[in-house]
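Each chain carries a letter (A, B, C and D) given by its place in the written order, and its residues are counted from 1.
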Amino acid sequence: MKTITNDKQFKATIDELSSLQNRKLATLFLQNVMGLTDKKKYQQLLTLASNKNATEQEYANLQTAIQTMVVETNARCGTDTDWAAQAEHFVAKSALSCVKDANRSNQNSAYDSAMYARMACNFASIADGKSDEQAETQAQYQILIQFLGDK
Amino acid sequence: MSNATLEKGINSFVKMIDAPIASFFSSCVSCGMCADACLFYQETGDVKYTPIAKLEPLRRAWEQEYTLFGRLKKLLGLSKKITNEELKQHTELVYNSCTMCARCSMVCPVGNDIAYMIRKMREGMAAGGFAPAGLIGASNRAVEIGSPMGLTLHALSAQIKHAEKATGITINLDKSDVEYMVLLSSMELINFPEYLEAIAKIFKQAGKTWTISSTAFEATNSGIQIGSSDIARILVKRIVDSAEKLKVKTVISPECGHAFTAIRYEGPNLIGRKYNFEVKHILEVLDSFNEAGLLPTEGLEKEKLTFHDPCSLARKGGVIDEPRRLLKKVSDNFTEMTDHGARNWCCGGGGGASAIEEGEPLRLKAFKTKQKQIEETEATTLVTACANCRIVLEEGVEHYNMDMPIVGLTELLAEHLVDKPKQKLKKEAKQ
Amino acid sequence: MDDYMSLLLLSKGLLFEIALVIFIFGVLLRLFEIFSLGRKKDLSEPKANPTIIGIKTIFTRSIPSYEMMTKRGFLIVNGIIFHVGLFIVVFLLAPHITVIDRLIDLSWSPLSSQIINFATVVTIFSMIVILVHRFTHPVMKALTTSGDYVAWIVTFLPIISGYMAYNHLLLPYNLILALHILSVDLLLIVLPFSKLSHSFTFFMARYYSGTISGRKGVQL
Amino acid sequence: MQKLNATLMDELNRRGISRRSFLQYCVVLASTMGLSPVMANQLPEKLLNTKRQSVIWLSFQECTGCAEAITRADKLTLENLIFNFISLDYQHTLMAASGSAAEEAKHNAIEKNKGKYILIVDGSIPIKDGGVYSTVAGETNLDILKRDAKDAMAIVSLGSCAAFGGLPQAQPNPTGAVSVDEIIKDKPIINIPGCPPIPNIITGVLAHVLTFGIPTLDQYKRPVAFYGSSVHDNCYRRPFYDKGMFATNFDDEAARSGWCLYKLGCKGPMTHNACAVEKWNGGVSFPIQSGHGCIGCSEKDFWDSGGFYESMASPVVSAETISMAAVAGVGVGVAATALNKIKKAKSLKNSEPVTIKDLKQEEA
């Protein structure tokens, strides 16, 4: 079994994966930060991810909805920042990585998803002082190892 | 605590009127061409958004106080007074529906700089208590917390820590005698933390020393937006003090339009003296790195790119060629919009307008021409260099159902830095 | 004494003198009023020489942008025609040059009267067009104040009366010449205190505007 | 010796002038008079049948230039014929009689032709101080005019003095000179202004009166046929004006090349007369042709209408006035500056620094 202890390894390992694997993995990373948001918002995505016969069209449809969520949770210039809401914003961004067109090249969607998930944690930590990006990073390494094992 | 009053507002109008404004009002021939350059008139067709008409109270203040006939009329009780109600109505006109983008200033046949006058009129509006709540809140937070968006040092530290982890590069706070002091905008730290990572990578690559000040990391200036030089001065002073304490050579404005003009052009006039350091926009710095061969990039963007010039950067800042030179480093498929460079079409959210919640429907409406111009380029990715433009563009793109990622130029360049693409190449080889 | 002749003599004599005094007085007063408000020295480091760009802008602002040509081309073209026509009529007609020569001892060669006559017709036409445009264009309609009409009228009167005088239309020459000069007297009196003041403040407006953007290295 | 009651035809026959040359003359005369084709066709017949007309010529404050002009012709012409044909019953300068004999001749003529004679007047009439400044046989011009006009059929005011007051009326008008029509209000008056008027016009007008009666007159009682257009309209130098080619000095190249004299003060554009068409001295030349601008002698008050060498539209403004205006402008400008500066200083003094606490008005 592979061991992953730093981001370099983490990224290199993800780079080896196919785009479909990327998407699956991305969803796992997203699931791990679901606690920072209203889980119901992503029910559709999670259902879709568990459906092996899901089509690109279905993903594309979902992408529009999630894109809207991302834009809607943007912090606007000059407004008082709600850090918890901003954590949700990055969860949405992480989710967006999961639904990107798998056929489009040059994508590292799992890695992006992981990074946004970490940012979400980071914002949550600013908001509540409890969440821990470091812990999230470690958790992501474990998710990846697990994923590779399941493969 | 002294409240704002109408008298204070009018007094401020009188105080602000200078020779340029007097010459501008003396020259207007009511041709209304400014309306055709204004995005808010363009999309609504409502004549109240005619730029010069927004200045009517300021014009009357000038006429009544500084001209012979105006004085006579006032003596005889014939002049129309400036009232509370009138100025309240002007809040929407001077703030919500004006981004001070200066497109009107650009087309006026007699050469009236209308944006300059709006900026001065806002002084009176702010002093008179007619500023919109959104900007008052932002100004409060900027002065009290240090960021219009309530971003504290604690939050900054968390972001720095995150960036350090993501890049493996140490980011120094308050390190003196370095070459550059990097300023950030709350917008970037909150919405686009990738910017900080990009900066870290690029500066490391270029071998330049830099730091962030813990007492003046915020570049944006709510005082400029709300139109209060007194507040703007406090905010600029923080930056100047920190920069001089840290003895840096250059202060870098982030990807934010008004922040650049605030520090670069208004700042010295606010504090009443020249700086001991230079102020540059991040794109100017990157361009200078590039010229010195310190910005080696590899690979070209696959997407077709177009660039949105932030008004404050291009028309009001003079940073026009730099982004193009930089973009062409990483793209051979770059198209210009119909209105670009100094003549660019505003996104609709500048000058503090995006902080005014009640102005959103109008903003989205006013986005139409921008949308059309973006679509005409047939570009698939929109690049810009202002976090506020970026958010407004994202909203607009979303509103008009366009599928188009919007990226910051600095981040785009960081992605193409040579030390990185090793993995990329490997990946490409695999495919 | 003949009423028309005495009117002519009055118009180019005492009344012209009074008008000229008010004109010179007014222009100077307006300039003082403007300059007295001062301008703070700009302490920011310029990206380009603001003065040079300011001076350049005085001229370059006469060239309309493509965007504005597509949006308000009609107004712009008409405006250019009007201003060029007015310039030709005012400064290139022999009798006018003679007047200027008489006043400030400066003269240049005039254009042929047929050209001037044609320019006058064109100018009159463009003025009528602009007036109709003012009534119909929504923005202009909203912006227009009585001052704009005053400016239009005092500009139109000398042109139409001058045209009639030149072509000996309708009225006896002495009378129409007297009316022409009277309308010029009126124009001189009104000019400094009306919207027509743009004829001498636009240089300043363009210059200031040019320095403001020029400081930032932008020439608009 | 001329027969009384003889017609012009008799006179022609007497002098042996062919009908053919008379008809030619009539064509020219008709066009000069601006007659309609119908009237032009009637002209020869009418003229031939006119009877000898009694004319009384009064000369008041004048220089005899008008009489000189009309009698100047050194050879017999058809124009002169008309003039010779009339019965000039009284004219100081020309008549052989003098003293009481002359006055008596006039008296007789008036008595005989009551209501039928034409009264020609040259010179203006002084009315100041009871009109003492010009008298004939101890009688003032004013009294003479009033008396002799009473029974006249029509009055011809010959020359600018009689028509408009002319030179004697020029400021400061020491004699209180006035024109004929300011005194006589109840008779038809034809003004033939000019200093002097063109001889052809005089005969043309007389011919018209003899044949078709009083010609069409303009508002200044001038026959439209001769005074309808300006000298400028018919000037042969007009093309130079239209092309903007002007002489600026009487001896410059432009003047020698015959360019327009507008800038040298030519009053052609405002002067209504037929000089450019009829010309002088048997059609030899006219002032502009000889190199001098028109001085506008046939216009009212031409003496007082600005300098002869000042172009017409030229304002009369002194350099002192301009500098006075400039001084006043600067003065008031300085005052305005002071006021503006005070106002601005006051606004600065009144302004308190805006802090974030001051951004709202007190809730009402």
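Observations on the model:
Here is the rule we go by: a residue touches a chain if its C-beta (ideal position, glycine included) is under 8 Å from a C-beta of that chain, and two chains touch if they have at least 3 such contacts.
Computed from a prediction, not measured in an experiment: that's the story for all the values here.
Remark: among chain pairs A-B and B-C, B-C carries the greater number of C-beta contacts.
Located most centrally within the structure is C, per distance between chain CA means and the overall CA mean. The centroid of the Cα atoms in chain A and the matching centroid in chain D are 104 Å apart. Inter-chain centre distance (chain A to chain B, centres taken as mean C-alpha positions): 31 Å. Centroids of chain A and chain C (each the mean of its C-alpha atoms) stand 67 Å apart.
Computed from the mean C-alpha positions, the centre of chain B lies at a distance of 38 Å from the centre of chain C.
Each of the following residues of chain C touches two or more other chains: 29, 33, 35-38. For chain D, residues touching at least two other chains, in rising order: 336, 340, 344. For chain B, residues touching at least two other chains, in rising order: 17, 66, 68. Going by the touch rule set out above, the chain pairs that meet are A-B, B-C, B-D, C-D. Of all residues in chain D, only 164, 219, 230, 233, 241-244, 246, 248, 262-263, 269-270, 272, 299-301, 304-306, 310-318, 321-322, 324-326, 328-330, 332-334, 336-338, 340-341, 344 touch chain C in the complex they form. Residues of chain D that touch chain B in their complex: 336, 339-340, 343-344, 347-348, 350-362.
On the side of chain B, the complex with chain A involves touching residues 134-135, 137-138, 141, 148-151, 154-155, 158-159, 161-162, 165-166, 168, 185-187, 190-191, 193, 220, 222, 225, 302, 349, 352, 354-355, 357, 387-388, 391, 394-395, 398, 401, 403, 423, 426-427, 431. Chain A meets chain B in the complex at residues 7, 11-12, 15, 64, 67-68, 70-71, 74-81, 83, 86, 89, 105-106, 115, 118-119, 122, 125-126, 133, 137. Contact residues on chain B toward chain D in their complex (touch as defined above): 1-6, 8, 11-12, 14-15, 17, 65-66, 68, 71, 84, 126-131, 136, 139-140, 143-144, 226, 228-231.
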